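Read from first to last, the chains carry the letters A, B, C and D; within each, the first residue is number 1.
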Amino acid sequence: MTLSTPLTGVVPPVCTPLTPDREVDVPSLLGLVDHLVDAGVDALFVLGSSSEAAYLTDGQRRLVVESVAAHVAGRLPVLAGAIDMTTPRVLDHVRAVTSAGADAVVVTAPFYTRTHPAEIARHFRLVAQGSPVPVIAYDIPVAVHTKLPADLVLALAADGTLAGLKDSSGDLAAFREVVTGARALPGFSVLTGSELLVDAALALGADGAVPGLANVDPHGYVRLVRLCRAGDWERARAEQERLCALFGLVGVGDPARMGGSSSALGAFKAALHLRGVIDCPATAEPQVPLSPEEVERIAEYLAAAGLR
Amino acid sequence: MTLSTPLTGVVPPVCTPLTPDREVDVPSLLGLVDHLVDAGVDALFVLGSSSEAAYLTDGQRRLVVESVAAHVAGRLPVLAGAIDMTTPRVLDHVRAVTSAGADAVVVTAPFYTRTHPAEIARHFRLVAQGSPVPVIAYDIPVAVHTKLPADLVLALAADGTLAGLKDSSGDLAAFREVVTGARALPGFSVLTGSELLVDAALALGADGAVPGLANVDPHGYVRLVRLCRAGDWERARAEQERLCALFGLVGVGDPARMGGSSSALGAFKAALHLRGVIDCPATAEPQVPLSPEEVERIAEYLAAAGLR
Amino acid sequence: MTLSTPLTGVVPPVCTPLTPDREVDVPSLLGLVDHLVDAGVDALFVLGSSSEAAYLTDGQRRLVVESVAAHVAGRLPVLAGAIDMTTPRVLDHVRAVTSAGADAVVVTAPFYTRTHPAEIARHFRLVAQGSPVPVIAYDIPVAVHTKLPADLVLALAADGTLAGLKDSSGDLAAFREVVTGARALPGFSVLTGSELLVDAALALGADGAVPGLANVDPHGYVRLVRLCRAGDWERARAEQERLCALFGLVGVGDPARMGGSSSALGAFKAALHLRGVIDCPATAEPQVPLSPEEVERIAEYLAAAGLR
Amino acid sequence: MTLSTPLTGVVPPVCTPLTPDREVDVPSLLGLVDHLVDAGVDALFVLGSSSEAAYLTDGQRRLVVESVAAHVAGRLPVLAGAIDMTTPRVLDHVRAVTSAGADAVVVTAPFYTRTHPAEIARHFRLVAQGSPVPVIAYDIPVAVHTKLPADLVLALAADGTLAGLKDSSGDLAAFREVVTGARALPGFSVLTGSELLVDAALALGADGAVPGLANVDPHGYVRLVRLCRAGDWERARAEQERLCALFGLVGVGDPARMGGSSSALGAFKAALHLRGVIDCPATAEPQVPLSPEEVERIAEYLAAAGLR
């Protein structure tokens, strides 16, 4: 299918359910996709950070894209992350995910290396030249330790290199600069990666949201985006605040025992397991599993949000 | 071959010469290996940061290890980086490089993700369990944004998970803690990744060095290590200071135009090209090439160090 | 006067005009205060970061507070920064600024030292115990290199230690957590320090804003806050976007020649000088002055925003 | 007295003993000075980071310098920190400490503000112009969040702005660049602030050391420097390793309960109290005190180092 221009609405970064021995659990993955599609989301983003792309082998990545693309069968666009350190390795992933059926690729700045903005621009230009599908920039400084400058994103949008931006930087002021600048570029899609500021992002003109928490409560985010589009900011704020409270579940993991990825991704999967969407809450190695007490607190968060 | 216990001496992180169209230039690579072996180095480390491992595709990585391992043919150990974001992906690289002939693997902490020390320990334990060859930890916070704590390294050394440490952290005090603690672990190899403090590292008890600059001047580092072992600290210091001055070449690239990787790796390759060791100074995408004026300054550094 | 409960609206962090020999230019300072008061601001904040508090001697700080407090004479509240490294030094400033007439003090987390959240809490509690006036926390990680955790702020609000928060962290999601949590604490004032997200901050429930750019265009921020309060989000967004465009003036200083403080504070003062509000655009040492060409660009920003 | 040219040897950053109600305990301070002078140190550095300068009020700072300068009475040089955010405030401290008897001042880069290297250079030049005594640069990025570039330090040394450098950056390679470059500047003193690498620093040519741990064991550091000067590197290393083991005491404070300053400064003071040098181990607010169990571990460190 062709990517709609621009991409808008709720685009969940789809979690990757695993079996207890850490293989991709395809039936659970497709069940999760149905859970999201049935809730009314606008597109799917596989192989992002919430998908544990950093932990999946190349074989597992390919299996995820193939399974989801075949299952969705063109009903809505499937974006796929091509997450790797530099241009040549990213291009290999672009080839893999597009031959597996992805409708667009999502690409970060280089990481591991020390990279200049001019090199970041060159990276995106080379990736776009080598990609048969649109390229969306993924701004995630917590992972790659570089912030994409707003003027660089806008320049790459203006020359057709980029079809959109997923902003997970947490810097709404810089995001605003892209949103405002992109008004002159109607095909360019500006998406927030925040779970917590979707109403604010849409109020200032964003096209949509890519919230990890939409795995757990897709209906909530679909409602929220509809309220924003209707200009019902008061009810949008209430829905957003309910989702903010729910998002507290990402902090249940004991920081003395695990890192932020283990806690947040473990929480999303535990919630999906508790809601009956996936069969097993396991996260990939070397992440540490949540304790039974921590999972119990996830259940409390779900109950408080009206999800159980 | 079996890895000597412990690994000592000069272990250059071998640059990866590329053709003008960015394919691995195998004849130049083997010429570089001969240049290093003839100078008397003790082992070779391929697919490290100085090798542009972050930029090489899986196919290129495999070609590098196969070519070097076959060429060396057991005359000295070949270590290979298995550089990727997390455990499952690193294990795929471990399988690839060991089947291609690597005698040991070099592995960093996870990156891209937010990782707790307990998860880093779990990562190294799982990698060691899955590796047919010894595992050497690679401490490179500038790339992975985590410092390996000394006590964690020593615990993993004591339980047999790790066979050694390559320390590129720049933190000689923390390195000293590992060196001192490892005296009780005679098979464990403690190597500095510094170009600038090899004399100091050996004076406090390190086993050897993995300096990127040894690509350019392997004879200098071999001499330096021999002087240190002989306890001739005065002449060692003079040799080290000559190499420190030469190392200034990594800064020739204009920081307004390129990042640190482009400048440093470009400088190593330009110097190797000027010395006639490799055919083409190209670096991988999206790195920016040095200008002719910058290359001229490389030539001046070589002349000042007595290398032309 | 007594601080209104809670403090709301536009609270400019008042610039400190200097003479060419870097003494406080009291007539210009009072002229600036009139410019702000006449525009309808709700309170004044002296000795903040935009006031160059970090550059003012104790004598200059005292002169600023005395001059402004005497001039304002209770017409609106005067908040004063008590910016220093740790509790004992901050308490000395609290005594100085309150005896000079400040109605509230604004205090950051400790800096220069490495401080634990429990120590930050202890710091604010000791400052509040020693202060005759309300204490407002100043969250400015770019300066103090610590982010005030939302739960810590809310705990200190709940126990009466803090009367408010000025958030200059740029992290609107964390700010939202404080805003939402503070609904149960009606006397607690939550203020954004952002120039760029005042509409978004007020939409999610903030009480007001402390934007440095309000020195240059106080009428704009007063209008913006009134539009937000009226629920006219569309016109509020337009006004905010005009101010965002104007805020571009903070970037005119050449980053190859000066730091961010020199550029931003120099730009505010150049704009005030161009608008005829202050006599001299000098900034304190060791800041670098803007060039004539850079000042010309400030004039263009003012013209584009309709301010000349 | 005149500062020797260059300053060499052991220069302890003198702790500031406090009474239980957090006033300067002058008798204990002078007792500590005697403890240091009797051990053979070469100069004293008051109002540094180990002196809790960041926590002392201006009155306390003045009392410290006056008391120590009068007590020492020219027997050895007294350096005093003039630690504050920017040039005008630092100049006030320079006037205060020199009128109180300091023989040299120690000054960091600006902090709290965002500062460019050109502004740092301007800062040191203005401070030196306003100082009646020599100025020593204090490179302490953990506190001020800027690293003094080696070329900047050497330029300021060459033009007479700086009389020396105290390097607490932990970056021995950058320190080496200053040491090597300063060989052509015989009056310039290059001092390491490290406790752990004094042998290494002297081996590469440093003039001396400013180790906080020298409060606790001045005899050890005096011995260490003498062994280095005698070229007895083997025994120097053994002495250094004994001191490295002792330095472990800075980590006794529970990181779940306190920050690094509380733990390290609390440990130094607890050790001085246990050794009978000072009357009370209290640290300044808002630091958290060590627990009795943690103090017991300090005693074990002292015993293991042969100090009880």
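A few notes on this one:
Here is the rule we go by: a residue touches a chain if its C-beta (ideal position, glycine included) is under 8 Å from a C-beta of that chain, and two chains touch if they have at least 3 such contacts.
For clarity, every value in this text was computed on a predicted model and none was experimentally measured.
If you take subunit A and subunit D together, the chains in touch with both are B, C.
Because subunit A and subunit B carry the same sequence, their contact can be compared by residue number, and over half of the numbers here are used by both. Rounded to whole angstrom units, the spacing between the C-alpha centres of subunit C and subunit D is 35.
Rounded to whole angstrom, the centroid-to-centroid distance between subunit B and subunit C, based on C-alpha atoms, equals 49 Å. Residues of subunit B found to touch two or more other chains are absent.
By the definition of touch given earlier, these chain pairs are in contact: A-B, A-C, B-D, C-D. Looking at the complex, you find that subunit D touches subunit B at residues 170-173, 176-177, 180, 194, 196-197, 199-200, 203-205, 233, 237, 241, 244. Across the interface of their complex, subunit D is touched by residues 22, 49, 54-58, 60, 83, 85-89, 92, 110-116, 118-120, 122-123, 126, 142-145, 255, 257-262, 284-288 of subunit C.
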